[in-house]
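Right after this note come the structures.
What follows is chain A paired twice: with chain B in the first complex and chain C in the second.
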Partner chain A sequence: MNEILAIAGGTWRRILRMRAVYFLILCVMVLIASAINYDVLSLDHHKDLMIDFSLVLNTLAVVLIVISVTFEIPVELREGVASTLLSKPLGRTHYLVGKALGTSITGLIISAIIIAGFFIIFNFAFGERISMAMLQSHVLVALSVIPMSAMAVFFSVIIPEMITPIVTAIAIWFAFSTSALANVKILYGGILPALDLYNFKSFAVYGEKINWDYIGLSILWGLAFSTFALSLASLIFRQKDIK
Partner chain B sequence: MSEYVISTENLSKTYGFLFWKKEKPSLDKLTLKIPKGVVFGFLGPNGAGKTTTIKLFMDLIKPSSGTVSILGKPAGDIEVKRKIGFLPDAPAFSQYLKAYEFLMICAKLLRIPSSERKKRIEEVLAKVKMTEYAKSKLGGFSRGMLQRIGIAQAMLNKPEILILDEPLTGLDPHGRQELKDIIIAQKKAGTNVFFSSHILSDVETMCDQIGILHRGKLLCHGELNSLLSEKGCRVMIAAGKEDIAKELMPDSIKSHKLNNGGWELEFDEDEKFKEKLNLMKEKEGNFITIMPSTENLETFFFRTIENNIKTVNLNAEGI
Partner chain C sequence: MKSTLIHIVLIIAAILIGGAIAGHMHEEQNKQMPYKSLENTTPIGGFHKFASDIDWMLVIQYMGGLKSVSKENVDEVIKRFEKIVSYDPNFESAYEIGAMSFSVENPEKAVEFLERACNNPQLKNNWKLPFYAGFILTHSGKDDPEKVKKAIGFYEMAIKRSPTPEMYVVNSYLRARAKAMGLNNDKLAMLKILFGEWKKNAGMREIETTSIIPDLNQKILKAAQEARREYPDDKELIEFSKKVMQEVFKDQHICTYCLSIYAPGDKFCSCCGQSVQVFGTCQKCGTVLKAGFCHKCGTKAPAVLVQAPSVQEGMEPPPVAKKVAKPVPAKKAAK
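And now, the complex of A and B:
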């Protein structure tokens, strides 16, 4: 476990030291706050708009954090950083799990910052405290980072470096559209996660509470998918020649 | 426990996959046994297969055929990896990390007890003279500084075997000398050292055993002294007397040159060499010195490689 945490630590240090991450958080906050100006355009539904904005932007931020790992792993493999790490008593599976864990933890941290920022902005703008449904919806968005990270690690290992981020982004878009693309789902037969499970925007907007059991099951489903994706990635990665 | 620290048996590696497989193997049936307590120099021109061999030792790449065993266990065994210190060719580390942070990650991966980590990191940083850069980011380091950090991480676990891929490359003369001192100190401390290098003079001064690899094939390996010391004899005679030697042993003289007022003649050793020397003496040959003729590593290296090229060419021509 220590080895996995050491690799994860390297990943979250890298992401949290990127200035772009703080710029991203700032942009997200500004955009959430900007919803207050859409009172006319939204026929006084600017409060709902802000909730919607916050969830969309939180998701987008998490996706960008996840995509960053699709750059990190191929670069480490190409530049020889991975060979130094893998020459230590570290299994290849541990390396991949560490990367997924590091990305997930960072995604959760960034998401938590965005949620806190949104709550402050919301309270300041409307003088109201956020509802439980809003909190639960945001928690689900934050938790979606777990299967997304596993998916990003999987693609980083199996496809060429140049197209990994694009393929991952497309796959995430598909995965968020599992309801809309219900007929297509059979084509990818569960290889992509059903990220729609984490999308509860309407519940947040209309204040409908989500069952905590559902959230618990979503976490378990995310972990099960991650185990599957990382096992598959590990199977391939173990046979791979490291530069 | 195996008597060899590193042992390979018909180890081959051909890069590529299925239809994209290269025609020629990068490493061809390497059989190598390295005993305990030696500094082993692995030599060969670029593309000879040195780095491929080292990566096979570290289980970073998979062999096409054959076996590798390190300390009696297969390459890649987690317990064995804990006893190895490895410096890759052109070391690259995460640029956003500080030197101390990187070494801390390595210490965790090596499962060094948390109470010892800090002390051990400080020790290795001092050994490679990088203490003042502990809090600097690796992204700003020069090649030589990265090489030092690479050596530091390789020594962090007090390894039983140090495997160094081109450790002297990128270092200035001062740094090279320091690294040579470190390697010699490691050897004295009982560490087995395996390293590849292009710098033959350094290999000659540090190694007990060498192996020469060319085009994926091991051309020779063994004790450095025995490989270099079995070639003929050098005789110094007074000026004007070289005609006697030429007359007596026309086929045996490898070279002759005027040196410090006398002639230095180099002979190939043969069965009747001593007999011929006595004949020379009888014919007024005025010897100054007789000494065994040893090749230096550079001459030996080039001769071995050239012989291999000639053999390969002859084979290709079907002669």
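And now, the complex of A and C:
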């Protein structure tokens, strides 16, 4: 466990030390706040727009964090950092799990900062309390980083470095539409990622409250899918030659 | 080998557990968001609401550039609004503004557009949507009984959805129903509709069913007054209004000529000046009674005088052609 935490710590420290990350978070806040000026342009739908804007930008932030790992793993493999790490008493599975965990924690931290910033902006702009639906929808966006990280690690291992980020982005994009296959048991959510289960963006505007059980289940599903993706990635990774 | 086996077991277990959880969550999600099935299935990364917001702002800009919605651009306008609601089936403003904007050029499409919104469970409390649909139908298909019938259904839906229905919604509903009757005398048709509603309601009092029309009695009175004013020579109307008054207002005192309610002690109707049957006065001194005994002479009031006699039996309305009553303001009549 310590080895996994060590790998994870390295990942999140590397990302959270980058100043660009905080600059991007600031940009996100400015974009969210800019929705207040869309009152005329949207015929007084600017409040809905701000809620939706915040959820979209939060999702994009999470996706960007996740994609960053698709650059990191191939680089570590190419430059021999991974082989140094793996020469220690550290299994390849530990390495992959550590990377996924580190990315997830980074995503959760950055998402939490965006959520907090959005709530302050919303309260300041409209003088209203944050609804439970809004909070829960944001929490679900933040939690979607768990399966997304596993997907990113999986693709980093199985496909060439050049196309990993693009393939990961496309896979995440389409993973929000797999609900069309919801009737195919096992495949939906078992093999194919079902990120649509985390999509409550319209609910944040129209809904009242999501059952907390649902949010608990979303964590469980994220862990189950990550177990599948990381185990499969680990099986493939074990067959690879590392310099 | 052992490690590989563990991995395989883990993969199978994770697939089974993940599949089961995802199936359950999908059902839960559909329960929480029943409108999700109405959403466009285009894979846009789950940004459907965002896409609808963007399209909404674009359509506002587009509409701002048009002089009017005409035959040349109506298809484009419909396409744009359709796109918005396909991404966000709960976008009430898009339904309302969209349908009204192309209702003149393409009323059928506007009604279909609104009907879709009416069937959305998330919008079940919006009464404007069915009202607009009914409004478009009544104005586009004035002579089409099928359209009028359909409009009645929409108006009824609008009244049922609203906790306190607006007067214009109720009046539109009644007018549509009167039109559906196909009578030449629209006032008589209206009175028949209201009386029918009252009778239906009166028959169901035991199970406490109330009419969807608020202030039904007042509406009946007003409709009868208007009808008598506008068609003073229509015998059928006079007979029918008399029957209505006797049944609906049997506990009240109403001038048989102008159908205004009068007060205890009144000898003449304050609205039309016709003599009315006096009630609620002391038999001895003629003072208006306030309770069971006369407050001036102490005579006990006979129960029959304190209680209301029904609408003056046998009191025929005076010849209407000679003296036409002045229009009675609704508020005054209600008093």
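Definition applied: the second predicted complex is superposed on the first by the 228 of 243 C-alpha atoms of A that agree within 3 Å, B and C clash if a C-alpha of one lies under 4 Å from a C-alpha of the other, contacts with A are read in each partner's own complex, and residues count from 1 in each chain.
Note that a residue touches a chain if its C-beta (ideal position, glycine included) is under 8 Å from a C-beta of that chain, and two chains touch if they have at least 3 such contacts.
If you're wondering where the values come from, they're calculated on a predicted model, not measured in any experiment.
Is this a clash or a fit when chain B and chain C both end up on chain A?
Chain B/chain C on chain A - fit side by side.
Tell me which touches more residues of chain A here: chain C or chain B.
Comparing chain B with chain C, the partner touching more chain A residues is C.
Quick one: classify A:224 as touching chain B (first), chain C (second), both or neither.
A:224 contacts chain C only, not chain B.
Who does A:6 touch here: chain B (first), chain C (second), both, or neither?
The answer is first: A:6 touches chain B but not chain C.
Looking at A:14, would you say it contacts chain B, chain C, both, or neither? Reply first, second, both or neither.
first
Taking CA centres after the superposition, what's the angle at chain A between the directions to chain B and chain C, given in steps of 10 degrees?
Apex at chain A; the opening toward chain B and chain C is 170 degrees.
Based on the superposed arrangement, let me know which partner A:194 touches: chain B (first), chain C (second), both, or neither?
After superposing on A, A:194 lies in contact with chain C but is clear of chain B.
Does chain B (first) or chain C (second) touch A:34, or do both, or does neither?
neither
Just how close are chain B and chain C at their nearest CA atoms in the overlay, in Å?
So the smallest C-alpha gap separating chain B from chain C comes to 13 Å.
Where on chain A do the contacts with chain B and the contacts with chain C coincide?
No residue of chain A touches both chain B and chain C.
Sort out for me which residues of chain C touch chain A in the complex.
Contact set of chain C toward chain A: 3-4, 7-8, 10-11, 13-19, 21-26, 28-29, 32-33, 35, 41-50, 53, 56-57, 60-61, 88, 90, 93, 97, 122.
Touching residues of chain B toward chain A in the complex: what are they?
15, 55, 58, 60-62, 78-79, 81-82, 84, 86, 88-94, 96-97, 101, 105-106, 108-111, 150, 153
Within their complex, state which residues of chain A touch chain B.
Against chain B, chain A makes touches at 2-3, 5-7, 9-10, 13-14, 17, 76, 79-81, 83-91, 239, 241-242.
Which positions of chain A touch chain C when the two form their complex?
By the definition above, chain A touches chain C via 38, 41-43, 45, 48-49, 52-53, 55-56, 59, 93, 172-174, 176-177, 179-180, 182, 185-191, 194-197, 199-203, 205-207, 210-211, 214, 217-218, 220-221, 224-225, 227-228, 231-232, 234-235, 238.
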